[in-house]
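What follows is chain A paired twice: with chain B in the first complex and chain C in the second.
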Partner chain A sequence: MTTRRDLFKFAGGSAMGLLLTPAPWRLITDTALWSENWPGIPRPARGEIRAKFTHCGLCAAGCAVRARCVGEQPVSLAGVEGGLCPFGVTGHHLPYHPERLRHGNRPEAAAAVARAIANSAPDRRVAVLDLQPGRTASWTCRRALAALKNGVYLAPEEPACAVNLAPAGTVLSLGAPLLDGWGSPDRVFRARSGFRLIQAEAVESRTAALADQWLAVQPGSESVLGRAVAGTVGLRQAAEATGLAEAQIAEVARSLRENGPALIVAPEMTSEVLAWNLALGAWGKTVLPRREAPLPREWSKAAPVTPLAAVEVGSLGALLIDESVPGAPLPWAAIQPKLAADAVVVAFSWSRAGYARHATHVLPAAVYPEALGDLPPALVAPSVGSAAEFRLTVPLVAAPDGMTDPAEFLSAVAGLDAKDALRQRAAAIHAAARGSLRTYADGKTSAVKDLKFDDFWKALNAGGSWMGEVENSGKSPHLAPAAPIPDAGDPWPLRLSTTQPGAPALVSPLMTKLWQESGLRLGPHRAALNPRAGFEEGARAVLETPYGRCEIQAALDGSVPPGVVLVAYTPEIADIRGADGCARLVRI
Partner chain B sequence: MRRNIFIAVGLLAGLGAGWAGFPRAIYSRRPQPVDFSHKVHADKAGAKCEDCHGFREDGSFAGIPTLDKCASCHAAPMGSTATEKSFIDTYVTPGREPQWLSYARQPENVYFSHITHVKRAQLKCAQCHGDEGSADHLRPFEQDRVSGYSRDIWGAPGRPGMKMDDCVNCHRQSAAKGAAGTLSAQAGERGCLDCHK
Partner chain C sequence: MNKRYGMSIDIDKCTGCGACMVACAVENNVPALPGANDRRGITWMRVYRVDNGEEYPDRRSAFVPMLCQQCGVETPCAHVCPQQAVDVDPATGIVGQMPERCLGCRYCMAACPYHARYFNWWDPQWPAGMEKTLNPDVAPRMRGVVEKCNFCHGRYHRAKERAAAAGEKDIRPGEYIPACVEACPAGAIRFGDLNDPSSEVAAARHEAGSFRLLEKLGTDPKIYYHSTRDWVRQIAFAPKPGGKENLHG
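Right after this comes the complex of A and B.
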C-alpha cells in the first residue's frame, strides 16, 4: 500500500531529479531576462529610418537639427552644421518627462483673466511676461495687448547687438560661457579656430579650461577689466579691482587692438558691453545690429516692450507668464511687488518647476519638439554678416491633448484673430522677395524671389531656414552710461556663479538622473565653496541675494576661488539671482 | 528496498520532466502566416538572400521584406501551387501585410548592426541564421514563455545560437586568427557599449 511517506519520497526524488536537469537553471536565467524586458520598459520603434529637419527650441540659438525618425517617432537628434549641446541631443526625451504637466483648467483661467480685464481700474494693468521676446508669438502677444486697455508687454532685456565671430582675431570673454552653450554653439565652434580666446573669470569654468588664456580675476570684477580695456578706467584702479597685474591688463588691451578685429563678450550683451566694443572699433566687423525678419504691415499696432522696473508697484491685475519656451527668467522677488493683492497669475509651462510655483492658474504648454514656432533674432550672427533670419521649430511629435498655446490664449481673450500668424509672417517675408532659403535635406540654397509662396512655406515647415540679404551695419546705436564700479564696502561680498550657463533649461529625464545620482554635476541645494570660506563640508547655510534667500548645503571645492558661490542653476536659484550675481552666505 | 523505489521513480520522473518535458513546455509554438519556401525561391527563381533581405539606403537592415517586395513578383500567380494562390488571395490582392514572426530578433537592449557584419566582416548569412536559405518550409516560431525570447536566440540542434556568449566566442575566435591592427583583431576588442546601448 502507498503511504504518505512514499509520496514524500517520490516528491523528494523528483526534486533531486529536476536539479540534475537544465530546467531550474534555465528558469532562473529566463526570469532574469524577463525582468530586463518586462512590460513598461520603453521600446524604441524599429523600422526604416528617415531624416527630418527642424531647429532646436531649447534656447534662442535655434541650432539646425537632423532628427532620425522611425516612422513618425524621433529616435535620435544630431546637429546639421556643427554639433548640438547635451540638452539638444536629448531634446526628444522631453515629451515623456515624468514631471510634465498634462492637465490644467483653461476655462477657469480664461474666465479669471477676463474678469481681471473687465474689472480693472485705470491704474490696473494686464501684463504678459515673455521669456523669449522677438518671436512671432511675441508679436501676437504685443498685438493682443495693444488691443486691450492697459496692456503691458514685459520681457527680459534683449541683447543690445549681435556678434559675428567669423572675422574675429581676438575675443575677450568676461565670464561668458562662450564654449559652453553661449549664443549659437554651432556657429561659435565653427569660428573657434579663427580667433584667440582670452577668458576672464573667477572660476576655471569649462570655457576657461578650453580658452587660449585664462585670467583668474577677482569675483565680480570682470566688468572692470572691460572698462579698463576700453580705456574708461585706469590700469591701477583695474588692477586693484581685478587682482591682475597692470602689465597683464595692458597686454590684454594691446592684444585686442593689434590682433583684431577684436570682440568683447559678456554673459549679457548689454549696451555697456557694446560701448566697450565700439571703443575697440568693432562696430560693423564683429559687432552688428540684430536684424528681425520682415513683419506684416498690419502688425504695426503692437504694445511696446516695457522693462519690469518701469511698472508701478501693485499695478498688475493680471499677469500671464509665457514659459512655454525657455528664456532668461526674471527673479520672482522682483515681479511679486508689481502684482496687485488680488492679481491673477497664469503660467503657461511644461512643468511645475518654474513660475508655475507662484501662479494662481497653471496651464500646460507643448514642449520641444511638439510645438510649431519660430526663433528670435540670433545673438551670434551668420558668418556672412548682419542679416535677418527666419527659422521654424518644426514639430517632430504631436502634442498631447489639453496643451495651451500662450499667444493663442491671449489673442482669444483680446478678440484678436492670430491663428495663422506664422504663415502671415512667412508671407510678408516672401512678399519682400529678398534673401534666400536654405533646405538642409539637399543642402540647396534658393533665392526667395524664385519661389512660390506655397513652396516657400512648405520648405520652412520641412526645417528650411530663410536668411535675408546682408545689410550695412549703419551708424552705431545710442549707448547707456556706464554703471558705477562697486565699492569696497559692498554688502554682498560674494558672487553667485552657476555650473550651467544660461537659464535652467528643459532637461531630459536621462540627464536629470545623471545629474542627481552622480557627482558629475553639482546637485540642487548644494553650493561649492572654497575650503577657506569658513564653512565645513555639509554645513547648512542660507544663500541671500537682493531678491531673496534659499537654503543650501556647503560642498568644499578647492577649484572654487574665495568670494565665489558656485551653484546649479535651479528654479529656486533663478528666483533669487540678479544679473550682477551679488550674494552672501549666512550660517544656520 | 521497496521504500527506495519511490525515490528512484521520482528521480526518473524528475529527470524525464526536466530533460524531455521542460524543453517542450517552455516554448510556445506558432505557425508562420504563410508556408514560404526559401528553397523554391533560391533554386527556381535564383534569388539570393540579399535580394529580399536587403539594406535600406541609410544602411539599416530591412529584415523581413514587406508585402511590396513580394507583390513586385507575385502580383499575379507565377506558378500553380495552392500556397501561392492562397498567399495572393489573402495578402497581395487585399494589400494586407503578412504578420511574419521573426526568428532572430534580438531583445531591445541589444544593438546589432547587420551592415557591419555582412559588408565589412564578410560574414555569410548561414553563419548566424543556419541553413535557412535551403529550407522548403518555414518551421513554427517558438517563443520562450518566460523571457519572450525566440528559440533561435538560444540555438537548437542544427542551428547556431545568437546569445551573448555566441557573439563573444565568435569575436574572440576572429581576433585570435587576425594579425594585430587588422579588422579581425579589432573584432576582439569589444566593450559592453558596442552592443548594449
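Right after this comes the complex of A and C.
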C-alpha cells in the first residue's frame, strides 16, 4: 500500500533526479536567451550600410570624417586621414543628448532685438559675439552688422599665423596642448616623428608626458621663457621667473637655433608668439601666413573685427551670442560691464550650459552634425605648406524643427538676403579657378579649373575638400607690443589651469567613461591638486578668482605642482577664469 | 593555417586621449549609465595613467591602454566558466564571450589577472533617440552577464562576409581592424595576425622594449606593449604596492 511517506520519497527523489537531467539547465539557458531579447533592451536598427563624408564641426581643426550609416542614420564616425579625438568619435550622439535645447521663442527674441535696434540711442550698439570667427556665417554676420546702425562684430583674437609642423626640427611648446587637441590630430601626429618636442609647462600634461623634454616651469611663466629664447629678456630674469637654471634656458635657445627649423607654439598664437618665431627665422618655414578662401567681391562691405576691450562700458543695447559652433569663449565677467542696463542678450546655443545662463532670450541651434556650415582657416597648415581651404560640415542627420541659424536670424533682422551665402562663397572659389578639390569617397583630386560649378558644389556637399595653391611667402603680419611680464607678488596664492580649453559645452553621454567610469580625465567640478596642497581626496572647496567662484571637489594628483589648481574646462570655469589665472581655494 | 590575432601597443605614443575607449563603446553598443563608476562601469578598453612613483617635478607619467589580453594558453576565464560561455576560437585565437550562456556567476572576473572583464549591473539604456545610433552588428547585452573585449567580433564577421563576397578564402591584412585601432589618433595601436611574419604586429613583438603584461603566468597573452622607458616596462611585473617603485594606476 502506498503511504504518505512513499509519496514524499517519490517527490523528493524526482526533484533530485531532475537536477541530473539537462532540463533545469536548459530552462536557465532558455530564460537567459528570452530575457536577452526582452522589450526593455533596445534593438539596433537594420538597413543598408553606406558611408557618408563630412568635416567635424566640434573645433576649428575640422578633421575629415567618414560616417558609417544604416540607411541615413550615422552609427559610427571615423577619421578619413587618421584618428579623431574622443569628442569627434562620439559627435553623432549630440542630436540625442538629454540636455540639448529643443525649444525657444524666436518671434519674441526677434521682436526684442528689433525693438532694441529701433529705440537705440546714438551711443548704443548692437553687437554679435562670434565664438568661431572666419567662417562664411561670420562674414554674413559682419555684412549684416555693416547694414545696421551701430553694428559691432566681436570675436576672440584669431591666430596671427598658421604653423607647419612637417619641416620642423625642434618645437618649443609653451603650455600648448600640442598632442591633445591643439590642431588636427592627423596633421600633428603625421609630423610628430620629425621634430624634437620641448614642452614648457607647470603641470605634467598629456603633451608634457609624451614630449622629448619636459621643462617644469613656474606656473604662468611660460611666456617669459619664450621671450628669453627670442632674446628680449635676459637669462637671469627668465631664470628667476621660470624657476629653471640659466644654463637650461640657454640650452633650449641653442637647441632651437641649431636644430631647426624651429617653431615656438603657445595656447594662443598671438602676434607676440609670432614675433618670437620671426626672431628664430621661422617665417616661411614653420610659421606661415594664414590664408582664407576667396570671398565674393560684393561682401567687401562688412563690419570690422572689434576687440571686446575697445567697446565702451554700458554701450551694448543688444548682444547676440553665436554659440552654435564651439569656440573659445570670452569670460562673462568681461562682457557684462559692456552691456546697458536694459540690454537684450540672445544666445544661440546647444544647451543651457554656456552663455544661455546669462541671456534674456535663448534660441536652440542645430548641433553637429545637423548644421551645414564651413570651417575657419586651420591653425595647423597642411604638410605641403600654406594654402587656403574650404571644407563644409555636411549634415549627417536632419535638424529637428524649431532650430535657429544665428547668421540667418541676424540677416533677417538687418534685411540682408544671405540664404545662399555658402553657395556664393563656393562660386567665388570656383570662379578664381585655382587649387584642387579632393573627394574622399574615391580618393581623387581634381583641378578646380576642370570642374563645372554644379559638380564642384555637389562634391563639396558630399564632404569634399578644396585646397588653394600653396604659397609660403607673404608679408609678415603686424606685431603688437609685448604684454608686461606677470607680477609674481599678487595676493592670489594659486594659478588656475584648465584641461582641454574650448571643448564643446555639450558632449556625448559616452564621454563620461573617461572621468566617471575611469580616472583618465578630470570630470566637471573636479580639481586636481598636489597631494601636499593640504586637501584630502574628495574634499569639497570653493574655487575663487577675481571674476567669481564655483564649488569643486579635490582630486589629488602628483603631476600637478604645488601652487596650481587644474580643473576641467566647463562654461562655469570659462566664466571665472581670467587671463592671469589667479585663484584661491577655500575649504568648505 | 589558423590565424592568431594580436595587438601591439606603443606606450611611448599613447597620449591618453581616450578616443579608443569611446570608439570601443560606440562600436560594441556599451552604454553609459548615470550610476556607473570605475568599479561598476563597463569599459572593454580602459586607459590607465601610471607613473614612476617620484615626486614632482621628477614624476613622469605614461598611459597604458588595458583590454582583454586574449590569453592563448590555459585561458583563466575559460577554465573557470561553469557554463562554457567563454571559448578560445581556434581559427582566430580570439577569446569569445557568449552572453546567452553566461549565468552571471563572475568566476571569470575573479580569475582574470588583468581585471579586463565587466559585469552588467543594469539593463543597457540610452537617452531617448540615441538607440538609433547603435551598431547593427552587435546585440546589446542584458543585465546579469559578463562582457569583455572580443577584438570587435562584429567587424571580424563583416570582413569575413566581404572576403567571401569577393571570392576570397581569407581576410586580407588591413581589412579587419578593431575600432580602437582605427580611432587612435597617435597610431599607437597596431593589429594583425601574429602567425603572419610579414605583419607589423608580428614584427613589433620582437622589437627591443616589447613586453607582455604578467607574462610570468604563462597564459600567452596576445597583447604586446612597447616602451623604451625602463620604469614603464616594470608594469609587466605588477610590483606590489607600498614601495617607491610602485606604479600608480
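Quick note on the criterion: the second predicted complex is superposed on the first by the 512 of 588 C-alpha atoms of A that agree within 3 Å, B and C clash if a C-alpha of one lies under 4 Å from a C-alpha of the other, contacts with A are read in each partner's own complex, and residues count from 1 in each chain.
One rule holds in what follows: a contact is a pair of C-beta atoms (placed from the backbone, for glycine too) under 8 Å apart; a residue touches a chain by one contact, two chains touch by 3 or more.
Keep in mind it's a predicted model, so treat the numbers as computed, not measured.
**Q** Mind working out whether A:Ala209 is in touch with chain B, chain C, both or neither, as first, second, both or neither?
**A** Only chain C is touched by A:Ala209; chain B is not.
**Q** Where does A:Leu20 make contact in the superposed view: on chain B (first), on chain C (second), on both, or on neither?
**A** Only chain B is touched by A:Leu20; chain C is not.
**Q** Could you tell me if A:Phe453 is touching chain B, chain C, both of them or neither one (first, second, both, neither)?
**A** neither
**Q** Please indicate which partner A:Trp492 is in contact with in the superposed arrangement: first for chain B, second for chain C, both, or neither.
**A** In the superposition, A:Trp492 contacts neither chain B nor chain C.
**Q** For A:Lys9, select first, second, both or neither according to whether it touches chain B, chain C, the two together, or no partner.
**A** Only chain B; A:Lys9 stays clear of chain C.
**Q** Check the contacts made with chain A and report whether chain B or chain C touches more of its residues.
**A** C
**Q** In the overlay, answer first, second, both or neither for which of chain B and chain C A:Pro561 touches.
**A** In the superposition, A:Pro561 touches chain C alone.
**Q** Output check: A:Pro44 vs chain B and chain C. Expected answer is one of first, second, both, neither. What do you get?
**A** Both: A:Pro44 reaches chain B and chain C.
**Q** On chain A, what residues does chain B touch that chain C touches as well?
**A** On chain A, the residues that contact chain B in one structure and chain C in the other are 29, 33, 36, 41, 44, 49.
**Q** Sort out for me which residues of chain A touch chain B in the complex.
**A** Contact set of chain A toward chain B: 5-7, 9-24, 26-27, 29-31, 33-34, 36-37, 41, 43-44, 48-49.
**Q** Could you list, by residue number, the parts of chain C that touch chain A in their complex?
**A** Touch list, chain C to chain A: 12-19, 21-23, 25-27, 29-30, 32, 36-38, 41-43, 46-49, 51, 55-57, 59-63, 99-103, 123-124, 126-142, 145, 179, 182-187, 248.
**Q** Mind listing the chain A positions that touch chain C in their complex?
**A** 28-29, 32-33, 35-36, 38, 40-42, 44-47, 49, 70, 73-79, 82-86, 88-90, 92-93, 95-98, 179-181, 185-186, 189, 192, 204, 206-207, 209-210, 214, 216, 508-514, 516-521, 530, 558-562
**Q** Over in the complex, which chain B residues touch chain A? Could you list them?
**A** Going by the criterion above, the answer is residues 3-4, 6-19, 22-23, 26, 56, 58, 60, 62, 107-109, 144, 146-149.
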